[in-house]
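Several structures are given next for inspection.
What follows is a pair of complexes built around subunit A, which joins subunit B in one and subunit C in the other.
What follows is the complex of A and B.
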């Protein structure tokens, strides 16, 4: 048995010894250093750019503007509306205007400080509520990026018939991914006339396509390789340094290095979408929730990035893991001149979990019921219909996760009047929403008697390398020594989609499993399981093409109806319950998270250590989301004034794994990356209410907010 | 990136003072946890005298209830040396809360005082211990109280040729002493508000109360009128309540109303009240 074991990550020894070369560590002899000159205005016409002083500065090589782009000066994961380099107009503070290339980092950065731009300011839209009706258009087609609806049943009738109605507004703010490694990479022209980019990224094939369009060069002439990557969390899905490096290599024919400073990363990287959530819940006396109406207003900044994804995913997940017969969700995403918001662990669902779980507690308290019982009464089960009317047939473990924490919930006792307990539940659709999002994997037998696994799935610290190898081992019954992993190179691997949406274990794992089935049959026919070695099989095979076996998996989904979102947007869902104990210091308003009981239905745990690691990491991020992390445009510049949790803020964590097998997943596995975070902030907010009697409707519930809530209640 | 600068590493005090005297615009590094950050942000500084290797400056001596702390004694040392734990509990508690282990290993008490941040954790405890600073230059040695030494936020009476060499405090035997602060997270955070106290009581009366409040006014300060008010009074809730109101009034007198007071005044009230009640 290779799966479900306490196997160490395959990258652990190297990482412990400090051997891997991260993108940030990469250097090439004779490489130029590139830095980005950025807009200092939120919205303005560019009247004049004066680079004369910069070009006279020592060590400067070149500056590149939008006019140096041979192909299309535009990118974006779904809607392509973001220029690499601003043309005529800037739309946010930090927008790239020029690339500055120097012989050294110092030369490039010094020269960049000498560039002068004349701007004519345009009216600034800094609020999504003003954006929609504003005459100032950030894009020609208007300031509403997306409006998605979820409609089910008869919401008005349900509210009329409800015994109680709870209505509140919840707000969240911008968060930075704050990955350990900032956006970095190198590029060079190779001897075959291609441009090679090695970077810190979550998706190599997407970037290959974008660079191909940027340079008007065929995809085969662009090679993107993933360097060892120091974290992503969604922030390395958009094109960051890669486009600039490619453009610089194109023009200079020299190797080029780029590395954002932390300040630059804070300024320019996409953020978690701030959402304004108006939430109305109707219930019967017995605790059955009969109606949910939600209005979501989001700020996506000046470019789409993942705004449409967040808009839809937030709407679909707005009800939480409960069966609600009557639903109406309106989710709108507006353009503003604030920072670009994009993908960040959970795509809007952590924000909604904060809202729906707060509502659950409020409903329970109004009905004088135990909030645990209300959750279990409404929880999805096999045969349930979701808000999009998708009937769940398999792998619906939410009740099991509740039952795992139930003994602790029933036995809980408040040690004193400043401790409290809270619950948070969630469900999360694995993979992209209502679209095909396949992964490929390729296996072949090598001359030295090994099975090589080629995958385009980016290991960003989440553990996909280990999980994919374990799946392969299990399927073929091979020892680790018999396997070679070749990962993250567009030349040697086919598209596996991005490392996002908690999808790689389920989807790339599925592709590896598919390839392994074919390989297993081949090996079996060739006598491997009767004692022949792989080396012998290789040597005896006349047609070497037969040594290769490709795998493919695309989760079965249906597109959602554009008006009602009816459909099956995800093939499978993950479920979780967190129970959190907090201690609140009433004098200072500081809240410490003491203990978390985290139960997750992962379908099947491929690697127990990875599962626990993901959950602990998600909880740490949830502590930050709930209590301190807050990106304030213009103020949050670096870790000096962006507070995220340290190890001292980390609670004790007890993990419970629920394995309600997903039939379409490799050995029953689903996904966990985002689910680990999603219910955490909600459970903290509910625990604070239990401890103090006050409820936070705005995140983060930092010391000042919490103290004010406590004072106001006095 | 750090700008280019020249650094010297004297090994004796005399050498260090000679450098300071002759260079003129030199900045002293005593740990560098503030200076290097500021330089990275663009603060100009061409010449640096690193005093971390100067013999004797990292010494701590105790004599007859008087404690002399050399200016390069680190926060880590102050927070872990048993004798300071006993004789100046508020100071060792405060220094144990500064930054992270790395910062506490580098940062020094001298650096903390000369940087003179309104949020410096060591200042409030040193104020209640009536700290007297020894300041030396090539030609002169002078002493100054900590209260007079800091003249404005990030500004002290130290002249460019002078070096803060040590801090002298008196133990407060019999006093109930402590330090509490609030910050945005459990560790590695700048103090948002802090209170240091040393309280001597006898048979339900306040004999002597020393209070200092940090991160609230331009400089951490002692609310002397409150200390005076409490002297000799019975320790009862109405008296404590009155004292708490006086503290907030004194803060308002210094700075007027500030937006941050919506948070800080309720916190300072609760913390002072808790300290006085014991």
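What follows is the complex of A and C.
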């Protein structure tokens, strides 16, 4: 009744009135403005920093360097290798060196421009292929951050026996999250002696831990609150402004505001990892894929951020949603002096989907088979074993998603020789890879007769607030008026993990469901479902502790084997098929995406409007990834030279929802945020091939590139 | 400093502004209208859109002194919690809002369109919001919302 319906988002009424308070909208009296002075060198020793002119500038308050950090000058989600403020040495253009605090934004920025640094340049590693063997070390332990393998069956034998083999190299480049709200936050000392940070973020509890280490102050004394957040997509997972703000509050005891300009956001925000993917596929005449060998080389920049995650996730998902008996994947992630790459919607899987779906079409065309049939033939089904030898027992909807688009595929007709159609399929493990990644949720009955839901899950625009409330409503049979949502504050909620890896519906939703089961039993015992009101129950309960019920969910996974990646890294997977029609103007190389049919197995759609919204937004990002988005270090600094889709670039979209129920998910739900994007670029590239006969191996396939490909073929 | 007086959301207002002060900052700081967002500050994203004499303008490129004697509207003009404008209702109903950062600007561009054209086609709608970037929604539900609202609203000027 409360889920699976056309329910509106609970935050939408406020948002259409322009009322939500984003971090930059908080006016705090007497707040200082902080900005970051950054390195202009990709790799250099810092010889001397001269702040004298800056400190003489009007309105300047202070500059802070690494020597002002009372705790540890290092952070990182997995491997802690990134300094907040450079010490002795800078490793990329844009690396923070100093925090500059002024009475106003203008004063701070002006002073910052007066800082002079003398550098001694060091050899620059700008390419992951030279990084591994270089004598120049970006970190003491070497330039290889991570090497992960997936090994299954006998790959050499399978290639020897294959009827056809297709082998190509695919490359992708840096992309920016380009959330419309840049990184921002405020901080202040509260009257209990704590430091409070309110910021635009995807994970409050992680940031609380990092700040605690940075300042050497216990976690209880650091409070992190999520402001309304204007998009995340992975780019607000790492510590952005929070550490600098906390450090500034620590030293000045005054409120501090920080906000990156768009240019600064482009310069400093983590990027999608550029991957170089060598891909070899072997198949039998009947279209059965027997072998896949992949070499992935990635560039994480000078710091790990989510590089290890991307390295492993790309490897595990390299074969796509297909059952391949013989697999060998080598995925390596190198340090370079390029921009820091990190988490961005899909953690390397969109890049791999581009490769495996291109291969799929190539195999089909060599064998003169319909690429749709080849996909169905190889698709994972119940009982299949994945590349990591995980046997899928439940909720394997890839074939259903293919069947949803099948009628359109079979009926497709090219209107003229400028149009073409392409398919893209994907699967995606929900939640973090092979590690425990639990969420908590807490429910309690309030004196005014409501059920309060406390969660640490960050609403970043994806709609988690609404989904969690719907799950609670459905589980308890409660109207929206009976519920209050309290979230995004480390003081009032327990850790729910990050809003990343498409995990909040499934994992935080699972935690809410768990708490709701307990609450339901309690309410039932107290006669709620026989007509007693919540208010009466509250009043009659002598032991108020009994009014609180905690929920917890940690998806059942196993760590993967470090050598072969054998294991069950995810408890459940999402599946999708996109079919795309494009129109290409051969003379100019301009490609228009006309229509997308998008079918997604989400387990159970909790909120139909959100599902459609995620899919349409994912398609937009996929259009950008395929055709226009390219971050060029040193050049891309604004939307004038980083092109992303506008309303004019969008196709018509038809959405199909497949609900192959996931038994461990709340009401059967899985996740969708990243899957929405993953197959889109692949389906465009395949459609371009159908339209023009040329295949793009390098993304983005922007207008000049496509024009050249078409000309070269003539 | 200069004195400017203009009509802001239907009310006559006046204030002192710096010579090179941008309307974006005047509205956010002097009038506390925080729905006007600064997504880029250089005229490339549309989150700072306001209507000047009912035409959409980037307030980050507009000098405050330039609105002297003109009519300025922000999203606050459209409606309030008890009286949502049909466009605002349609944005809610169509799922056209995700993170909400682009939403005020989108609504204003749409409103300006509907004032001029009560029955716009899909391409006219797309064109009208082409200066407003949205990273979340893929625009599709926004276009649907504007189309749905078109039939319902008489946009007051």
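Note that the second predicted complex is superposed on the first by the 714 of 714 C-alpha atoms of A that agree within 3 Å, B and C clash if a C-alpha of one lies under 4 Å from a C-alpha of the other, contacts with A are read in each partner's own complex, and residues count from 1 in each chain.
Everything below uses one rule, namely that a contact is a pair of C-beta atoms (placed from the backbone, for glycine too) under 8 Å apart; a residue touches a chain by one contact, two chains touch by 3 or more.
Predicted, not measured: the structure shown is a model, and the values here were computed from it.
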- Task: Check whether A:171 is in contact with subunit B, with subunit C, with both or with neither, and answer first, second, both or neither.
- Result: neither
- With both structures superposed, pick whichever of subunit B and subunit C touches the larger number of subunit A residues. C
- Message: Looking at A:252, would you say it contacts subunit B, subunit C, both, or neither? Reply first, second, both or neither.
- Response: neither
- Message: Contacts for A:564 in the overlay, against subunit B (first) and subunit C (second): which applies, first, second, both or neither?
- Response: neither
- Query: Who does A:105 touch here: subunit B (first), subunit C (second), both, or neither?
  - Reply: first
- Message: Per the contact definition in the header, classify A:295: touching subunit B only (first), subunit C only (second), both, or neither.
- Response: neither
- Task: Figure out whether A:21 sits in contact with subunit B (first) or subunit C (second), or with both, or with neither.
- Result: second
- Please indicate which partner A:703 is in contact with in the superposed arrangement: first for subunit B, second for subunit C, both, or neither. first
- Considering only the touch criterion stated at the top, classify A:648 as touching first (subunit B), second (subunit C), both, or neither. both
- Message: Shared contact residues on subunit A, subunit B side and subunit C side combined as an intersection?
- Response: 640, 644-648
- Query: Where on subunit A does subunit C make contact in their complex?
  - Reply: 8-9, 11-22, 24-25, 27, 177-182, 228-231, 233, 261-262, 460-463, 609-610, 612-613, 615-621, 638-640, 644-648, 650, 653
- Message: Going by the contact rule set out above, which residues of subunit A touch subunit B in the complex?
- Response: 105-106, 109, 585-590, 592, 627-628, 640, 643-649, 702-704, 707-708, 711
- Residues of subunit B that touch subunit A when the two form their complex: 1, 37, 100, 180, 182-189, 192-193, 262-263, 266-267, 270-271, 274
- Item | Residue ranges of subunit C in contact with subunit A within the complex | 32, 34-42, 44-45, 47, 74-76, 79-81, 84, 88, 91-95, 97-104, 107, 125-127, 129-143
